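Several structures are given next for inspection.
In the two assemblies presented below, chain A is common to both, partnered first by chain B and then by chain C.
The block that comes next holds the complex of A and B.
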């Protein structure tokens, strides 16, 4: 039902906005759709391939994905192999030379920032490790700023007539974003040094920014469910290492995190992970507002 | 945009025609033997073969296909023996094979999670991602399967039946996924059973074709996940056809 409404709304938007929108943007994830909207305003028409409730590693094949990529002037994705399970097939099916990797119409956010967790050695026994580094880079707002600047340049390259427009909107966004970041950093000061357990290693950028200390992951290796011995060790570690929070994403199953939370008495906190992940995370500002509020509330209950 | 979507689903439609061509006759045999879940079991064992090959260091391409096929054929051989020996217990055997193979995959993957990608490629093929290039080898394999079905009395040759079935399902599951394979096998065959008419094949193919067309068109029209839309359409067409035939059959 939601998808139906969404499709009709998208169709209406597409036909009504078609006359003004000059650039068709295909965003792989909601965070980049939101960022493209911040910088492009009504000069871009944005389609989002995945929702916040979907694991961005996996995507169900729908015709609109191909149709939109075929019509796109610019694809904005995370890169760093995050979309490796579906974007290559989609690019092949769409056969749109403008947005193939390497072309100006393919923009990878991962190229704009320094990635964390770049593996020193690649061993398949370590699980679903991304060779290029951890791709969940959008959870550090400083990365959002860097990607925004790069995206504005790319939009100006592709749509020279509106170059000044993109530059101006980027400037406004960067100023507003810097101010918001200062607010978040001040507010999140109590979170510095707090020990956390996470489900999957998709929080490293948030932890790095806020100074959270990741003690363990519920998955022994990325993409592998924990076994009994591993869980027993984990449950010993939680009190021993002073863990205050267990984090999981809105798109992930709550059960494993709830299980560890119940056994250990440490609260499990669900974070939006991206734009649309919770009711309050309606845009990029809401994403970080809500994440920090939820983290603070979680820490509050353990005191 | 919607007309463009119809062009996009064209390779998927061709894949559907190929799958229907082989699965409709095989589905009738499956239903006659009372072993409807065999496709799930065979597909799962093929997946186990892929995971095992991956754990042994083989990656991608032909080795993976060979491992999938070898595992599926081994399962087929075993199942043809158990059908002979255990007869009416065959459905239970198939169920056990299914859960054991699926669980063995999970155990193997905990040592080597990398194989998960190959397993997923194998079991949850997505019909919309099909390209025409992929369809040529399928066309050749299915032509041979159809030839065998036509020339050999497969219903009486137990091992030939299980072997053909293993080959067909290993191919089709990668192309369109397990749900669609199951629906393509069982729904048309089920309607034919209910209809009990002298010319069953046109009815079965008609039901299958209607399901694929309705599913693909609605998927293109309102942007539904394609494979799931076709399964729902097949079930709906099957239900309506089944009800109509049973009404027609009941004397007023």
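The block that comes next holds the complex of A and C.
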């Protein structure tokens, strides 16, 4: 018994030691975990709350997440209500003043960029709408750059001793990222103006960046699964509007997208959506490399 | 394109700076303004960038104009901007049962005022209105009013700290106790239309009290929390007025992920209650004495790749044991009661859930002076029930449920059929695990 108590006390002491060798980062989504790694390097220890195979709208406030958030020095989330179904509960239960919204330890990517698709009216009859705008902002690499710059400043604020480290790594990342972006933009030139049908409105930022033209969604309304009548109408629209690709994310059910693809003869393309969504999307570079390759391959097959 | 946007914003920036607001408000405003400026600068850079197509530049600028146009009202009518989040839960039901609910009994138990059998015919369930918001940088506040028939009751009214160090949280006011697993859940979050038997009988549905709670979340790599509560204890299973705290409770919960698909939580809780004059059975019975209740709870959840929306399974069970002793209607009374429930919920398709539950309670009043025909007479029977429920969700915010139960709480078997709708309007707080 005594030994048990001692072991427990030792474990508590070890895990609660004030002087952190590294900054504990709780990343709500894999893309921010990857970005925190790019900028923080080995000065940060990153925990990812969700995987690329999980719908970030629908995560449960599991006990393991509460424990991880309690230990965090910095929470990096998308914000814009993407995590509204689980993050508020985690924040209240984690009893960690450092990462409460408004504290320096809470960083929302949505605060760093301009959001698209801000709804003109708020009504749940319109489905799962986000009042602040479309939160899937990480699929425009220019946003990744802006968030990276903000995150580097925040890391430097929280961990002043390593401020120079974060600034230097951010500079390196920004240069490399800009070069990569130019490469992607040149490579993706054939995608400009290509008409696409998407499953959920996940792709607004990618479309905006690459000049893809979204003509319809498979979901009749955000977060609402399609019915037979809606799909029949959609199948008429696909050829009429010259749709070249049907896009869906790795975390989404493929069935509806595959069904539309099969009936219409337009290829359905699964995109990684975030880091870890496909085998090749192992980091942020891989995410965009693989997304563009898959889009180009999809367009190629229709020719 | 961006210049008009800047020109639009500028007057409001200066207006905002000159507002006679408190110092910290000004600081916060400045921060916001700085953010806005940064955003505008970034936009400017983007617009000047050669890579930007005319089309996307237009959409960006349109966004900025929208923002610029939208920002001033938010700043000038800040009184309503700070309104708490309001959530409404509406619940209605239709019940059919083979026996009349009046005089419903569970052999051997004195039942609290909420522990009766469900009504028959059409009726409203409990309608709820919740207001909640952060009070300041330290506190969060919540008020839940429950409307049942024509009566309004304060279901929860509490503050909770958000910024205490060392993993501590203090909650004060009226709140559902943190004991067990289902005790903290509001009725609209249950997987069945009614509460399980042991909670219904031993806790009068759920333990809800006026008091103070302290929780400590241990800095362990898995979830481990300790909690203690002191409360007034004037409602069942307590009763009467107590000089200090009539009810004391303590609990430990632990939990973790097993893998990407599954997770668990389990706990032990203990509640001590003191009843000065607990009145039950429409005033016919009074009890004076003490009670000790222990709860073991466990829940396991499974969802392929951690996506509960499309498919998930939840297994949940709790075991309750209660010792109660004192004077029942002035006669010596000593009782040992126990009960448990086991339930499984399977979401087999998006929007569809099927749930099964078995529950039972049993009292041993051999050491009590039992008057024949009183509620304490057990007939050596165990009250049992089996329940099946099918739920259809129109969305996260609306659901319809059909539930069938076979209940043996009285000498004869009873069939119950319940149809229920539950809808939520407005802000709907995220659900705990």
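One rule holds in what follows: the second predicted complex is superposed on the first by the 279 of 303 C-alpha atoms of A that agree within 3 Å, B and C clash if a C-alpha of one lies under 4 Å from a C-alpha of the other, contacts with A are read in each partner's own complex, and residues count from 1 in each chain.
By definition in this document, contacts are C-beta pairs under 8 Å (C-beta built on N, C-alpha and C of every residue); 3 or more make two chains touch, one makes a residue touch a chain.
Not measured: the values here are computed from a predicted model.
**Q** Check the residue A:253 against both partner chains and state whether it touches chain B (first), chain C (second), both, or neither.
**A** Touch partner of A:253: chain C, not chain B.
**Q** Could you say whether A:217 touches chain B, chain C, both of them, or neither, answering first, second, both or neither?
**A** In the superposition, A:217 contacts neither chain B nor chain C.
**Q** Of the two partner chains, chain B (first) and chain C (second), which one does A:22 touch, if any: first, second, both, or neither?
**A** neither
**Q** Looking at A:282, would you say it contacts chain B, chain C, both, or neither? Reply first, second, both or neither.
**A** neither
**Q** Of the two partner chains, chain B (first) and chain C (second), which one does A:93 touch, if any: first, second, both, or neither?
**A** After superposing on A, A:93 lies in contact with both chain B and chain C.
**Q** Could you say whether A:62 touches chain B, chain C, both of them, or neither, answering first, second, both or neither?
**A** A:62 contacts both chain B and chain C.
**Q** Could you say whether A:293 touches chain B, chain C, both of them, or neither, answering first, second, both or neither?
**A** Once the two structures are laid over each other on A, A:293 reaches no partner at all.
**Q** Who does A:85 touch here: chain B (first), chain C (second), both, or neither?
**A** Both: A:85 reaches chain B and chain C.
**Q** Tell me the contact category for A:227 with respect to chain B and chain C: first, second, both or neither.
**A** Only chain B; A:227 stays clear of chain C.
**Q** Report the partner of chain A that touches more of its residues: chain B or chain C.
**A** The larger set of chain A residues in touch belongs to C.
**Q** Mind sorting out which residues of chain A both chain B and chain C touch, each in its own complex?
**A** 11, 58, 60-64, 66-67, 70-71, 85, 89, 92-93, 124, 128, 223-225
**Q** Quick check on the complex: what are the chain B residues that touch chain A?
**A** 1, 4-5, 8-9, 106, 109-114, 116-117, 120, 126-129, 131, 219-220, 222-228
**Q** Inside the complex, what are the residues of chain C that reach chain A?
**A** 35, 39, 42-43, 46, 51, 53, 55-56, 59-60, 63-64, 66-67, 70, 137, 140, 160, 162-165, 167-169, 215, 217-224, 253-257, 260, 263-265, 301, 303, 305-310, 350-351, 395-397, 429-433
**Q** Okay, in this complex, where on chain A does chain B touch?
**A** 3-4, 7, 11, 14, 58, 60-64, 66-67, 70-71, 85, 89-90, 92-93, 124-125, 127-128, 221-225, 227
**Q** Which bits of chain A are touching chain C when the two form their complex?
**A** Contacts found on chain A: 11-12, 15-16, 50-51, 53-55, 58-64, 66-67, 70-71, 84-89, 91-97, 100, 102, 111, 113-116, 118, 124, 128, 142, 146, 181-182, 185, 192, 208-209, 211, 223-225, 251, 253.
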